[in-house]
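After this come two complexes, each holding subunit A, first together with subunit B and then together with subunit C.
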Partner chain A sequence: MSNSIALAGYSFTVEKEVEVSGEDLGLLQEKLLQLNWGVQHPASGPMRLKLWVDGDEVVKVDPDIGYVLRLLEKLVEYRTWINAIVNVERACFIDNFGTMTGYSIAAEKIAGVEVPKKADYVRTMLCEAGRIVSHLIGLGSFIGVLGVHTPMQWALIAREKFLDAFEVYSGQRIATASIVPGGVRYEPTGKFIEKMVHAVDYLEREFIPRYGEVFIDNPTLKLRTKGVGVVSKEKAIQLGLAGPALRASGVASDIRKDYPYAAYGELDFRVVTREEGDAYARYLVIWEELVESAKIIRQAIEGLPEGDYRTKFPVKVPEGEAYVNVEWARGCFGFHLVSKGGTGPYRLKMRAPSFANLWAMPEMMKGVKLADVPVIFASLYMCHGDIDR
Partner chain B sequence: MLEEIKEKVKSKFGFESEPYDTNMLLIHGERNKVRSLMEFLKENGFNYPHTVSVVDYTPEGKGFQVNYVLENVFEKKFVIVRVELGSEDLSVPSVCDIFPPLQPHEREAWEMFGIEFIGNPRLEVMLLPEWASGLFPLRKSYDFKKHRKPTKEKK
Partner chain C sequence: MDPKETLRIPIEATKKVIKVTKALFAPKATEIWWDREVRREYRYRGKHLIKAELCIGCGLCARACPVNCIEMLPTGVKKPRAVPKVRANECIFCGLCEDACPTKPEKAISLTDNYRMYVEPGTWDELTKYTFEPENLEEAIEKARKMEELLEKKKQEALKKKQAQKKVEKKEGEE
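== the complex of A and B ==
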C-alpha cells in the first residue's frame, strides 16, 4: 500500500457525470483505432488487413489484397494449350498439381481426348503428394502464428522427402509443370515410386507418431484455438467457406468423393469432417487429411496400371467450353475454360477457394479479440497466390 | 433432381436449360429476371455460390456473357445461370444480397471487365492498383503491350 496515490497525498473529486447517448456516441466512434495487420506476414504472404478496433475488440476488418496479382487469366490467353500449364500451376506453387489437373481435365473435355488410365493414377498420386506438402506447410504456419516456429521446421523435414520425389519425377522440386492436357509428362520410373514410398513411410511411421503429440495434443495450441472463430454448419454455407474450413463445420463437401475425377472413383478413402467448427477443428481436419492422403498414395502405387502415360493432344481444339472442379489442397478449385477453335484457351476463369475463404473472414472476425485475429486467419488456410491470381 | 429444376424453370420463368456436364445444368437466363431466378434456385437448395465468370465475346460480334455458378452441397448438383449482355449496355442487377459470398466475385468481374452490377455496394478496385481503375484488363480489347512500362536500356 505504500505506493497508493491516496497515501502520496493526492485526492480526486468527481465534478460532473455525463451519460453519453444519441448523437454524442459519434464522439465515441472516433475512438475506433485503425490498425494495419501486414503487409508482410509469415503465415501467408503479402496482404494487409485493415482492422478497426475498439479497445481490443475487432469492430470491422477489410482485407487489402492484390500485392501478388499476376493476371494469370489474361496470360493464359496468350499461350498454347500445353504451354498454359506454367501459368495455371502458378496460381499457388505449393500444391501445383491440383490446378494443373483441373485445367488439363477441362481441356480434355473440350477436345474429347481420353487419357490413359496410368496417367490418371499418376495424377492422383501427385495431387495427393501436393496436398500433403501443402497441408504440412499449413500446419507449420498455423503454429507459427502462435509464436512457435520449431514445428514448422519439423513439417518442412517431412515435406523435403516429397520434394525429393518430385525432383526425381520432373527435375523440379516446386514448380514441376508435370501434368499436361493428354496425360502426364513423364514416365513414373521405379526410382520415383521408391522415393514416393520412402516419403509416405517417413510421414506415416516417423512424422505422425513422433511429432503428432506436439501438433495435436499441444496444450498451448488448444488454449488458443478451441472455441475461437466458431462457424455453424448453416453459417459456413451462408458465408461460402471452402475446403477444410467448410468440412470442419460439418459439411461433407469434397469434390474427390462427390464428383470423382482422375482415379479417385476407384480408390478407398474417407472425407474428414468435424462438427465443432472452430479454429481447432479446422486444424484437425488438415491434420487428419494427411493420413487419408497417405492412404490414397499407397493405393495408387499398388494399383498403378501398365501402359502409356500420355496420349496425343491436338494443337487446335474445337469450339466448346467446360466447367471443371477439382479438390485442391485448400478447397474446391473451379476452372471455366472456353475454346474458340484456336491453338490456345480463349478464356480461363479460375475460382479460387482462398478467395472465398478470405471474403468470409470479415464476417467471422466481427467482435473477436485482437489476439484471435491471427488464429482465425491462419485457420482459414489461405494462400495469396490463389487469392490474387 | 436437375430434370425437375429444368421443368420448373421452364414453366415459371420460360428459360431454356440444357445439361452442361454430368451433374451440371446450364440455364439461359435473362437480365431482368435473374434476381427472381436466383431466389428461386436458393429456395430449391442451390445455396452455395461458387463464382461469377464473365466471358468477353466482343471479337465474335456478341457482347459479354455472365455465368453464375451455384452448387447444392447436400445433393451434389451444379447449376450455371447464364446471362447474355449486349455490348451497348453492360449492366446487370446484383445478386449479392441473395448470395453474400458473390459480392467480391461481382466486384472482381467489375474491375476486370467493367460490368456494372447494379446494387452492389462496393464496386471499387480490389486486385488492381488504384491507377489501373477503369482499364478493364481482361477485356479482349485491352492491349497489354500499350501499358507496358519501358524497360531499362541494357548497357
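== the complex of A and C ==
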C-alpha cells in the first residue's frame, strides 16, 4: 500500500457500508463543499460569505451580514433635528460628508429653510474631499486584496493631507460632524482653504502621476482583473448596481449631474463611465473620478461666495416628508425622512448603495473561480458600516 | 580544573549585574508624551471648559447633546438654576453643546484644545466617575448668592419706601 497512513502503522477495517440517498446529504450529495469566506478573511471585513464550491467553481453565494449593525436609523428617532447628524455620519466614517449633506437637505426640504450659497459651496467642497478620501482607500484596498500592500500606503499618505484639512476645518479628522441642517457648522477659514489646496496639489502632482505609472497600466493587475465579474449594461440595471460599479458597465448615472444638489449645478465636471463592466473597469472608474473630484474642489474654491455660512434651523419642524438622493462616494444614497411636527425626526430610512451592490454580488459570482471571489468582492467597492447601518 | 573554566560563571554574572545597573541609571528610552507639545488645530475639540459665572442655566447644551452625557447640576441659587456637568466617558466630542450655548460673546461651555484626559486605573467604576465639572463653581454660587441678597435688600428697601410714602399720602389725605 502506498497510503501514508498505512505506512505509519495504522490499518482500517470496513465494519458497515451504508448507502445514503435522498435529502439526507443535502448539498454534499452533489459533491459541494461549503466554505466560510470571511469574518476573519483579510479582504472581507466584518462580514461572512457562505460559498458553495464545486471543486474550484463557485456554485452559490450567501452573504451573512449584521456584524456591525448599530441601528442608526432607529437611533435617529431619539435625536433632535440638529444632533441626528452624528448618527447619520456614522453610516460610513470614510466619507461622512455625503450622508450628512443628504440628511441636511432632506430636513431643510421639510422645514422650508433655504441654505446660504456659501454653505452650498462648502458642502460641495467637503463632499468631494470625502469622495477622494474614500476613493483613495478603495483603490488601495482593491490592490491590497490581490496581495500588494504598497498602494494602500501611498493612498494613505495622500489621504492624510485631506484629513489635515478636515482637522483644520472642524477639529476632528474622521467624525467631523460639520454639516448640519441649515448650513455648515464652521466658517471656512483661509487656513482651511490653504490646506485643501495643498492636499489637492499633492494629489494631482505627486500621487496621481506616481500611482498611475505603477499601478494603473500594470500587466499583472490586468491579467488578474480583466474579464473577471463582467456585468453587461442591461444586467447592471436589472441587478440594481450603484455608484462606480454601475458606471463601469456603461450607465452614466450620477445624481450630481441628473438631479444637482448643493452647488453641483453650477460646476463643470464629467461623469466617468466605462463600457467593459469588469473588475478592471470598476477600478479605473474610481481612479478617474479622483481627477474629476479634484477639479470640482478647485472650482468650488474659486467660486466660493461671500456671506453667511449658516442660517437658523427651527427647533420644531412642521409635518411632512422628503426623499433626497445624494451621490455618495459609493453610489446613490437615499434618505427618506418623515416629520410628525416634533423636535426630532419621526423616521429615517436610509437607502444604502453598498447594500444594493452586495445583493447583486451572488448573481455575479455564479460560476467564477474561487480565487476570483476576493477580486469581485473588492471591485464592488462596498463599505460594511453602510451595509449594516 | 582549568582556571578559565572556574572563573567563567562569576565573570558572566558580574557582567550581567553591570549591564543591569547601567540600564537602571541610563536615561529613559521612552518619553512621557504629554510633556511634549503636540500639534493641535484652532478648532480642536478636546476637554470641556465650563464657566459657572457665565452660565445662565438654560439647559440647552444638555438638550443638544446627541448622547445625553450632559447633566444639569442644581446649584441652589436662582441665577444659574443649574450648571452642566459632562460625563467624559460617554462624550463623543462633537461640539454641539458649544454651538447651542446662547451666552455671548464668550460661551459658558466650550471645547478647549486640552487633550490630557486620563483615568487611573481604567476600570468601569473609575471611568463613570470621570466628569468635567464647572470651574470655580462654589465661588460663582457665593457670588450669585450675594447678588441675590443684595437684590432682596434693595427690593425690601424699595418696599419700605413705598409703604412710607403711602403712609405719608394717607396722612395728608386725612388732614
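Just so we're on the same page, the second predicted complex is superposed on the first by the 354 of 389 C-alpha atoms of A that agree within 3 Å, B and C clash if a C-alpha of one lies under 4 Å from a C-alpha of the other, contacts with A are read in each partner's own complex, and residues count from 1 in each chain.
Note that in this section a residue touches a chain if its C-beta (ideal position, glycine included) is under 8 Å from a C-beta of that chain, and two chains touch if they have at least 3 such contacts.
In this text, all values refer to a predicted model and were calculated from it rather than measured experimentally.
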Subunit B versus subunit C as contact partner of A:322, first or second or both or neither: first
Which of subunit B and subunit C A:370 touches, first, second, both or neither: neither
Partner, of subunit C and subunit B, that touches more residues belonging to subunit A: B
Contacts of A:86 with subunit B and subunit C, given as first, second, both or neither: second
Which superposed partner A:113 touches (first subunit B, second subunit C, both, neither): neither
Partner chain(s) touched by A:301 [first = subunit B, second = subunit C, both, neither]: neither
Subunit B versus subunit C as contact partner of A:171, first or second or both or neither: second
Complex contacts: residues of subunit C adjacent to subunit A: 41-45, 63-67, 92-96, 99, 111
Contact footprint of subunit B on subunit A as seen in their complex: 65-66, 69, 71, 73-74, 109, 237-240, 246, 251, 253, 258-259, 322-323, 325, 332, 334, 336, 338, 340, 346-347, 349, 351, 355-356, 358-360, 388-389
Complex contact set, residues of subunit B against subunit A: 20-24, 47-51, 53-56, 60, 67, 69, 73, 76, 78, 80, 99-101, 103-105, 112, 125-129, 137-138, 142, 144
Sites on subunit A touched by subunit C in the complex: 79-80, 82-84, 86-87, 167-172, 175, 177, 185-186, 189, 191
